[in-house]
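Chains: A, B, C and D, in written order; residue numbering restarts at 1 for each.
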Amino acid sequence: MSSNTFGTLFRYTTWGESHGPAIGCVVDGVPPLLDLSEEYIQPFLDIRKPGQTRNVSQRQEADQVKILSGVFEGKTTGTPISLFIENMDHRSKDYGDIKDKYRPGHADFTYDKKYGIRDYRGGGRSSARETASRVAAGAIARLILKGVSIEGRVTQIGPHKDSAEWESFLDKIRKSGSSAGAIVEVVAKGVPVGLGAPVADKLDAAIASAMMGINAVKGVEIGAGFGAALLGGEENSDQIRIKDGKPYFLSNHAGGILGGISTGQDIVVRMAFKPTSSILTPMKTIDRYDNETEIVTKGRHDPCVGMRGVPVAEAMLAIVLADHLLRHKAQCGDRT
Amino acid sequence: MSSNTFGTLFRYTTWGESHGPAIGCVVDGVPPLLDLSEEYIQPFLDIRKPGQTRNVSQRQEADQVKILSGVFEGKTTGTPISLFIENMDHRSKDYGDIKDKYRPGHADFTYDKKYGIRDYRGGGRSSARETASRVAAGAIARLILKGVSIEGRVTQIGPHKDSAEWESFLDKIRKSGSSAGAIVEVVAKGVPVGLGAPVADKLDAAIASAMMGINAVKGVEIGAGFGAALLGGEENSDQIRIKDGKPYFLSNHAGGILGGISTGQDIVVRMAFKPTSSILTPMKTIDRYDNETEIVTKGRHDPCVGMRGVPVAEAMLAIVLADHLLRHKAQCGDRT
Amino acid sequence: MSSNTFGTLFRYTTWGESHGPAIGCVVDGVPPLLDLSEEYIQPFLDIRKPGQTRNVSQRQEADQVKILSGVFEGKTTGTPISLFIENMDHRSKDYGDIKDKYRPGHADFTYDKKYGIRDYRGGGRSSARETASRVAAGAIARLILKGVSIEGRVTQIGPHKDSAEWESFLDKIRKSGSSAGAIVEVVAKGVPVGLGAPVADKLDAAIASAMMGINAVKGVEIGAGFGAALLGGEENSDQIRIKDGKPYFLSNHAGGILGGISTGQDIVVRMAFKPTSSILTPMKTIDRYDNETEIVTKGRHDPCVGMRGVPVAEAMLAIVLADHLLRHKAQCGDRT
Amino acid sequence: MSSNTFGTLFRYTTWGESHGPAIGCVVDGVPPLLDLSEEYIQPFLDIRKPGQTRNVSQRQEADQVKILSGVFEGKTTGTPISLFIENMDHRSKDYGDIKDKYRPGHADFTYDKKYGIRDYRGGGRSSARETASRVAAGAIARLILKGVSIEGRVTQIGPHKDSAEWESFLDKIRKSGSSAGAIVEVVAKGVPVGLGAPVADKLDAAIASAMMGINAVKGVEIGAGFGAALLGGEENSDQIRIKDGKPYFLSNHAGGILGGISTGQDIVVRMAFKPTSSILTPMKTIDRYDNETEIVTKGRHDPCVGMRGVPVAEAMLAIVLADHLLRHKAQCGDRT
């Protein structure tokens, strides 16, 4: 709908640039009387925050979240929850060189062409820093999803699916000033059957939008995903049996979603992160006055942004599921 | 937003089941004074319609579109355009057998669990028949996209990327009562730079939602897509030069979108279609009373639904681009 | 949101012009398993339809509604309900004279200036005929509002509050080719406490939008309304007591809404209808080529459109309440 | 849509309670390259803020606005603008008495019944303090409305239309611990013809929603408003002539809006504010445990809230017009 709002009933609106005074978001539609505190949200942000290992951005941020509204005496009130995170370490000097040059593979070019102006300090609005807000919103979404667990993990870094190879590969990438892509998988267990809706509000369509909206993601698949194109119908269709009086499926090629609606099986989503465009190799580019030039990006960046994408992907899945759970309750809640 | 409405400014709302009297949609937000007639829309529907070759569903439908409102003396009036397509050949008798049984891989199970009721004749609302409405809406969207061409094609059927092998492969599939998956690619050329928006309204997120919302699609990727995970930053980042006084890119791994905003390069989208679940092999399943049973689906179906997905994917891309073009004009139109 | 869609969870999208082949709407978000038939909706349309007494438009319309989707074996399926009403008596010849001239007080001028084109036959989209769709949608909304009654009535015609004077006043108006305004009041009884929300989604704001959106309405008030400006706080504030273990109010100046949320008292809404601009007295106007001229409107019109506004106002109130009931259930349903 | 978001393209989302640490809003959809600073917004807030004369609340608030995002080097960037206003003087002790009792005429009762919890300090979210955010958002909306002036004024206090009587009347009201209602009129001059849309997005419907959504407003009318019910069609319909080559109207009973679309005449809106429910007279009420009791509200309140409603009503009108201007540009901008 709006450029910075996501969701229908459970919805957040984010704001803030990487080098402004703060970032944050407003989370609306939260049911009342849920236990909520800054202490509950903080650990989710701590997982995402930079500077924790040598293979992620060395930017130092406390990422301390403050709740400014919507909570009274430790409980949600049903009114909008304003979350606020101060930017501490925004060393703008690092970015002076890219003020007028466009970094290949980065949003510099498109922002400038669209708006005619951009906050060039560290990517401004297009910085992955904005995703801290989504992680905080996702923590609140989880409160609505009782009995649902959502967990993500990196399954591939560059060409390597074996995690034993990752550390040495990343050391090499980091030292050479290069960057690597990654595949991330998120699984939601315990999702009730019936979330989603036909046609324009398919649960998988909402998930695809949520994941493709994460910085650096270039592909999203659910269940068998692109691999489903290789299968025959007999193999791909998940057969159904009864166990302990309940339906269960003999496989999960559907990734937990059929016809846009959750089946009750695990929801399995995978996404591809491109390698970050901030690299030390000089790249051919132009400046905003259409002069050809070269650029080297010297900021503190992640050699593999996909690794830090895990908590963001988890948060986005929680947000989509919480929104659809509320919507399902509205339309079909009397049946259950 | 709503379960059957897609888009913000250019938006359509679809209705109708595969075996009801008719299907259709309401297209809202169309600028006035565009030339529009039934004769203009019909060819787009003719491409999608079934029964044209032996390797698609043999259902016979005229798919004749009627415009019921929003057009006066051959021009759009700016008011909602109601499109109406009668269902001619809805032989319900074919579906009696699946009244109480859930077809594995189909939406039967989830609809029943969500709503407690479903129109079991031919999939009802989950039938691919609904996509005829989207194709018609897409034809109108193209009117807004002057200078933009949108073309899709099948690039893979089952495991075969070489189109010379497709016909014999599909014959084999069809005769054995099985089904095959496919990969479809859609390319939009001539898209202006600047469409889309950061964070919640990224153009790629909207495209991902649109494509994943097409029946049987299980994966979506843009530009290098999942392949981007394998590349280093130097390779993946598209370098920029000037030619004839204009920026151009030395490659297009971004698929025409950076930071959620169009670059002016070709927008390249690929999606994976699963094999249809309607197959002649008996499959283990349950009925709605939780009894274990088997099912064989005998209806007239597509051995490879991906093939008929091409015009739908083209339509959805047109709809997303038209919507974002109008939105861009609203916010940034004074600059251009 | 969109120009022709109203509501968030329970929502309708209308289409059609007064002199096209048909009008209709798509109603989305309806819970499944409600009993719904054409026979149930028809009586609501019969009340609204023209040609029934001498003091309303003499246009003859069967206003026969058809349900094209979303209902299966007499029950709603949870998918969009397409309602279809054919236009029978659209004698376009009556309107030739106003093709190029703007009727003062009518939407001719603004449509032409906005869109550069308009369907001049009978007002096209701005015709009160479109309200038949809303009445049909309102009938469906009532199914969701179990235990709620919604009834409207005319309380004033022209300057006359005493209904005994209305018939002779209207005869005089009609014979002189003039028109009269009216006040309509709608009361909803049995509305549960808690519908609505603070700030942007106040229940009274939604009602105001719904009512002001009815053709010819120029003012809306709730409870004491404009009269509240004359009162002191002691008088206006409704005191609360307990009766039979339940809260009740000693008065209802609030009209059933406090802080944007329903109190459980009767919701009382009043609105002012202007006199229709279609009158036989020659009026000064211009044509679309900016020539000064005069106009007399000879079509079949209502001397007092407010009278036919009653079922429309009832329908709109039902739609707003149904939407907010579903939304309340989503956010706070676990509490009740 | 969401409970705390208003508008489609130009939209704000507000957050914050009267006695929390701060209030604020996020304004989205603002075109880029507009001059914007805290110094520009502040004067609009200064007009609204309390404690300035003896006849308004004596709460002392600096109401100093901070811009936290969306502005770079003095210009809007097209990304969301976060506005932040600290709460300075939130003396919670005044409110201890009403912790469990419901003030008649106030939102206490409905909030508690809806949410089962409320921030009882000063009304929490239902406090008029929230309107500071709307005033700030309105200041930004004005930047989009070049050539449009929007001015409001009180036209009636209690029963008094003559402003000479107001001061003594209010002194009497204040000293007696009572409160008075008021009528406010807002006029927008210079609005271009063509804003708004038929049926669900009528400009007058949006204005009605915006105004009825202001705290304490119980009625809204446009142009002749409720008075239109008394007129005949000849009198009410504004005749049209040409002057200096341009259309002009001989009267403005329509209040600048016909068929939901602006005519280019002055847009004239009036609204009724009820007397505040915070009065010194003991009133019958109940507590949250359903005990009958009495209450006297001792906080620092406005004897006539309508007076402070003027800048809020101006802001809301600016917001509606800015939103519709952008929407009109999107759909019909190529024509103008």
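Methods note: contacts are C-beta pairs under 8 Å (C-beta built on N, C-alpha and C of every residue); 3 or more make two chains touch, one makes a residue touch a chain.
Small disclaimer: the values here were computed from a predicted structure and weren't measured.
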- Message: Spelling it out: a chain qualifies if it touches chain A and also touches chain B; which chains qualify?
- Response: C, D
- Query: What chain is the most remote from chain D, judged by the mean position of CA atoms in each chain?
  - Reply: B
- Message: Suppose each chain is reduced to the average of its Cα coordinates; what separation in Å results between chain A and chain D?
- Response: 37
- Taking each chain's centre as the mean of its CA atoms, chain C sits from chain D at a distance in Å of 25
- Task: Averaging only over C-alpha atoms, locate the centres of chain B and chain D and give their separation in whole Å.
- Result: 44
- chain A, residues touching no fewer than two other chains: 1-5, 8-9, 13-14, 29, 32-33, 78-79, 114-116, 125, 198, 332, 335
- Message: Please output the residues of chain A touching chain C within their complex, sorted ascending.
- Response: 1, 8-9, 29-33, 78-79, 198, 326-327, 329-335
- Per the touch rule above, chain C residues touching chain D in the complex are 1-6, 8, 13-14, 102-107, 109-111, 113-116, 125-126, 130, 156, 158-159, 173, 178-183, 193-202, 204-213, 215, 218-234, 236-242, 245-247, 250, 253-255, 257-264, 272-279, 281, 283-286, 290-292, 306, 328, 332, 335
- Query: Which positions of chain D touch chain A when the two form their complex?
  - Reply: 1-5, 8-9, 11, 13-17, 20-24, 26, 28-29, 32-33, 68-70, 72, 75-82, 114-119, 124-125
